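Supplied in structure tokens, the structure appears directly below.
Chain IDs A, B, C, D and E follow the sequence of writing; residue 1 opens each chain.
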């Protein structure tokens, strides 16, 4: 096996990983604060992608406008879900909200299916985004490059926001101790709403990237990436954005390297392998790759 | 400044505050003492908005605040040092203090206040970057008090500030309360250390199982034989 | 007196009605309704055993379907005839090929194999806390599925195994279910269960009170996997077809969901939740095939029942945050007591029961109203 | 009196921070010892090490002639060292009674199979545990809360509940971390009485951390004083009270202690 | 009281025949099963409009299987038990069809799967189970024959979606036939359903020195366009051939021109100029507002006619056993997806396989292969 081949598998892994990372980062913004395993995150991506598709194909809107609209749509859906299904349960514990997020997910999937039919649809990005660049035999589309850069940029911006700004401070406070945050004068509802706005907009963007990668969309498309995002966020360390991104990359690279480098007889075990890697990593670092020891002592 | 009339509070179905009325005047230090489970913490939590009153009126500077969201109440300057400290255990001391001044925007004011907190509790400066959850009990209590001071309270609600502090440190904290009082900050103090509480406060309410049984000038109560018997360990 | 505190009421709801239901369905096995009742029984086992881990021990496993799968395949291996196995599982060793065991024994083997799997995965994984454990258990499902799909020579791959004999009668399903419930009940209400709950509430404190966390966690996981394995065996013989696809993440999530809806911290919660999640979707199904309502033919709307169910789940969980049963057990306190049976002979019980039932709508309306008013008050 | 616990040069370092440094002590059977010191001196850390919650960086712990230095907490508990927590650690969703039963069941002898089969020994022992638990609640004066959920109890009662819980576990050595915190003088006076009675009835050894000098001076027979990780003084209460170092670092001048 | 109403219901029921339709109308299988059900229902309406079965109307009773095994099994029971269906049809995935078939078999009700192509299905389930489409072996054989006999290509690269029973079976039969006829499989590789990226496989293919002349990709519609496009993007212009999984407009929609030179072995060509086919397409478009989504619509349609034909010929159209015998006796029943004949003792029809080729963004009919 030559190095170029290995290298190109690595690049493929990063490519896939950056899509996972993109989903995971949006996922973990909400997850970090509320510890809400938001199974509906993936479905919000679906909603956004269908919004783009219908605006472009039915109303002939330009892509960038439809993307804007899809972000708005995703935020609206995210906020409705927050208001109706998550907020009334905020004090109720993680397990309970898990049910409501699964329910929201099922609701959205079926709604999408009713509106847009269960048929898979082709999803095209404009030529200039899908154009393939050739770097010494390693091929990347413009969209791949944009995704990768976007992940890094968004990570940097969000990290800055969370570490340095008032809002970010409030977010971290809420994730640490809700009651104390209230006593500090933080409007928890605002913080959560902001988190959902960020999370849902990122869901819309990652939906776009995911659809660009798969080139087809269907009403169920969001569930598996949503689940992977959850795994990535946990693998990276709950509550750590950098961890979520790293987790996404680890999943993507593990997948592609296994698919590319292993003999074909065992490549069907790829998904299993990814989880074996995940479990091994957690055995070494039980709080995730970048996770800190949970605070508190005896 | 603070007017509470006929306050009732319940947890789920059990009512624990049965019509309490009390008031705190501008600049005053009022103590609230009572046995375990009398409902002192419950009253404070209701005042700061963590709990919703079942009925009754709470006026702050003439404005009703009963049942308002917690952050709205804090915005008006009512700040609590909660029972059990409620620090942000995964964040550093620095961040905890920063959060104390969440609503306080002026950088200068924050620095001034911070200086003062540091002189009070030097350990906080020493451990500025330690994760708060790993601090000792007493250190956490200092942090909780320091954090509250940073927010420029108009009315400070203190729920057992001396709990877990060494005698020396308790003394110092009470000294701080005295200074604060001189600076004109209004305070409502819940304290198990009834003697200290009576000594430092202007007026005192005594709470028994959710109702106020006695109220009056602290000087007078401190010499009241009944109070002595029940709350001062029969000294 | 609250209705649910009435011994007679409990007796009727939890003993007499179910008994009648069971007798009727077992007389008519193989029918649609008895199929649902069987499903209900199997769900009880699954959910109750999951509650031991997720509710009582405070670990949060999402991998129950993996244990089901192992149980189902194990019992298939032991109940199919050699002819079938030659066709479906050609790589089986000789002794297994010709081994056919009575169904109850295969169920036990199914449970044991599931436990062994739990043991293997448990050692590395149970050290993880909270969601780390959840993710690892999701991983277990994926791994098990990969093996089932790819070891064609033993599992017949993704085509699955067919022709499992129809052994899952009402009798055996509910014997197993009742046995499991009983064992769980006893465990939970003995020092074992208290230790678990203590661990759930505060593991440090539990440890300094002599609770050995490792054995506690592992044993809870094993017992739970054992029961799930048996349920998987029953499931396979009820459906007669098994394949990796049917024991995947969605199946697992449904069990978790049922457990939370019913109440993770209660065995009666497992029963109530299972009943709800087994029967309600069936009741809703006619909605979408275009029923006629007030003379208007509604259009066919596939997915409508799923959406209604989803909305209903959210509502239930908002009104009963800890699940329908929360932390309480309705049955157990009185079901086995003499008093319950004596009360059958006390007429005053009947009158109070009647009164309770009559006033039920009024009171539930009032409590509903109270909730709404309370909610409004809060959001002010 | 025979020596029950022997601690040699115990140290605990967190990264750079020397939370405890060369802590040595020796507790005799049936004694009541005090451990006082400034906030952050390392008292709780000592108890954490004694109970196995933290593994010491250096030093050894010997209990009744056995080395327990790196033993698991549950095994240490079974040997009879039981502790309370400064920041209460009750089993919040259990009732007060059940909390105590957890303590009582540590030495139960029926097996899980006995429980499943509901054998008579199970019934008998369960009843016995229940009885013991109630007794302990009564001893601490909180039996009226028996059937209430632990986290809805008032703070002071929660403290007493923690003590009841470990008493039910038949301790030989009690480690109490600020048991009187959150109690008013009246109540802590009662607590002193209770602890004294406990010691007499059960013949226990007690190590007590406390900032309330009335409690410490009224109860203990020997006191260790810590500051910044080290023992700065030790001795009889009267000696310690007059120790200049202790006064400046810890007691302060104005105290009107007992 | 209940019995009475049932009796009352029985008199109109005498003029109708209840046919059970069991489809996964929601969940992952819905994209195949919804069109299938649409075709099925449309055919029933046509038959009823034309006077029904000897004067009796067909009443389609549908239950959603929700892409969930337990639901499918209980739906089958419901159709038989509650809806009193005399024959049950539907489903496009073998796993679910096996589940439903088992229930029907034990209740002695004929079951016809409209879309599952596992050739051993009837054998596994029992004498009441039938396939309406051809078996995977048939389409795989046809593809192999076409590659070797018509395209004259004897070195093949095989790419298999390992996540599904269907794709694995298809590849298995293709390989069997291809090698039997003297071809060689130079390299076999795998992927999983909905993989977004085939770079690893493509790189491996490019690195291989076996000299493949044609690619057989055993996949489903989800991936059809993506995988073809990515191979083409990396400069692989060789012909690609696949089974009915690739018979989807997505192939062209996603891959665009890259889809050219792809051969698809499938049930029918909707571009087929046969008037029956064109009528079906036109009617379907009229009823549902869009053209048939995929071949499963036509399969559903044909399945209904298969049932109707059997009901007409059965000695007693209310007796399931008689219906079963009548289905088994079907000979030369012409439909949109070919002509159905069940040979003696076989419950898998012998049907021709249509080979289409993508040219200029459209499926172009190449050949009808009879085995």
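Note that contacts are C-beta pairs under 8 Å (C-beta built on N, C-alpha and C of every residue); 3 or more make two chains touch, one makes a residue touch a chain.
This is a predicted model, so every value here is computed, not measured.
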Farthest chain (mean CA position) relative to subunit A: D
Winner on C-beta contact pairs when C-E is weighed against A-C: A-C
Identity of the chain that, by mean CA position, is farthest from subunit B: E
Inter-centroid spacing, subunit B versus subunit A (mean Cα positions, whole Å): 43
Rounded Å distance between subunit D and subunit E, as computed from the means of their C-alpha atoms: 73
Subunit A and subunit D: spacing of chain centres that average the CA atoms, whole Å: 48
For subunit B, residues contacting two or more additional chains: 134
Sequence positions of subunit A contacting 2 or more other chains: 110, 113, 268, 271, 294, 297-298
Residue numbers of subunit D (touch at least two other chains): 44, 53, 85, 89
Contact footprint of subunit A on subunit C as seen in their complex: 54, 60, 124-125, 127-132, 134-136, 138-140, 142-143, 145-147, 149-150, 204, 249, 253, 256-257, 260-261, 264, 301-304, 306-307, 309-311, 313-314, 317-318, 321-323
Of all residues in subunit C, those that touch subunit D in their complex: 182-183, 186-187, 189-192, 194-195, 197-198, 201-202, 204-213, 327
Subunit A contact footprint on subunit B (complex, rising order): 48-50, 69-71, 74-75, 79-80, 82, 86-91, 95, 98-100, 102-103, 131-134, 147, 151
In the complex with subunit C, residue positions of subunit E that touch it: 25-26, 30, 34, 62-64, 66, 68-71, 73-74, 77-78, 80-82, 94-95, 98-99, 102-103, 106-107, 118, 124-125, 162-165, 168-169
Parts of subunit E lying in touch with subunit A, wherever the complex brings them together: 26-28, 30-31, 34-35, 162-163, 187-192, 194, 196-197, 199-201, 203-204, 207, 221-222, 225-226, 229, 233-234, 248, 250, 253-254, 293
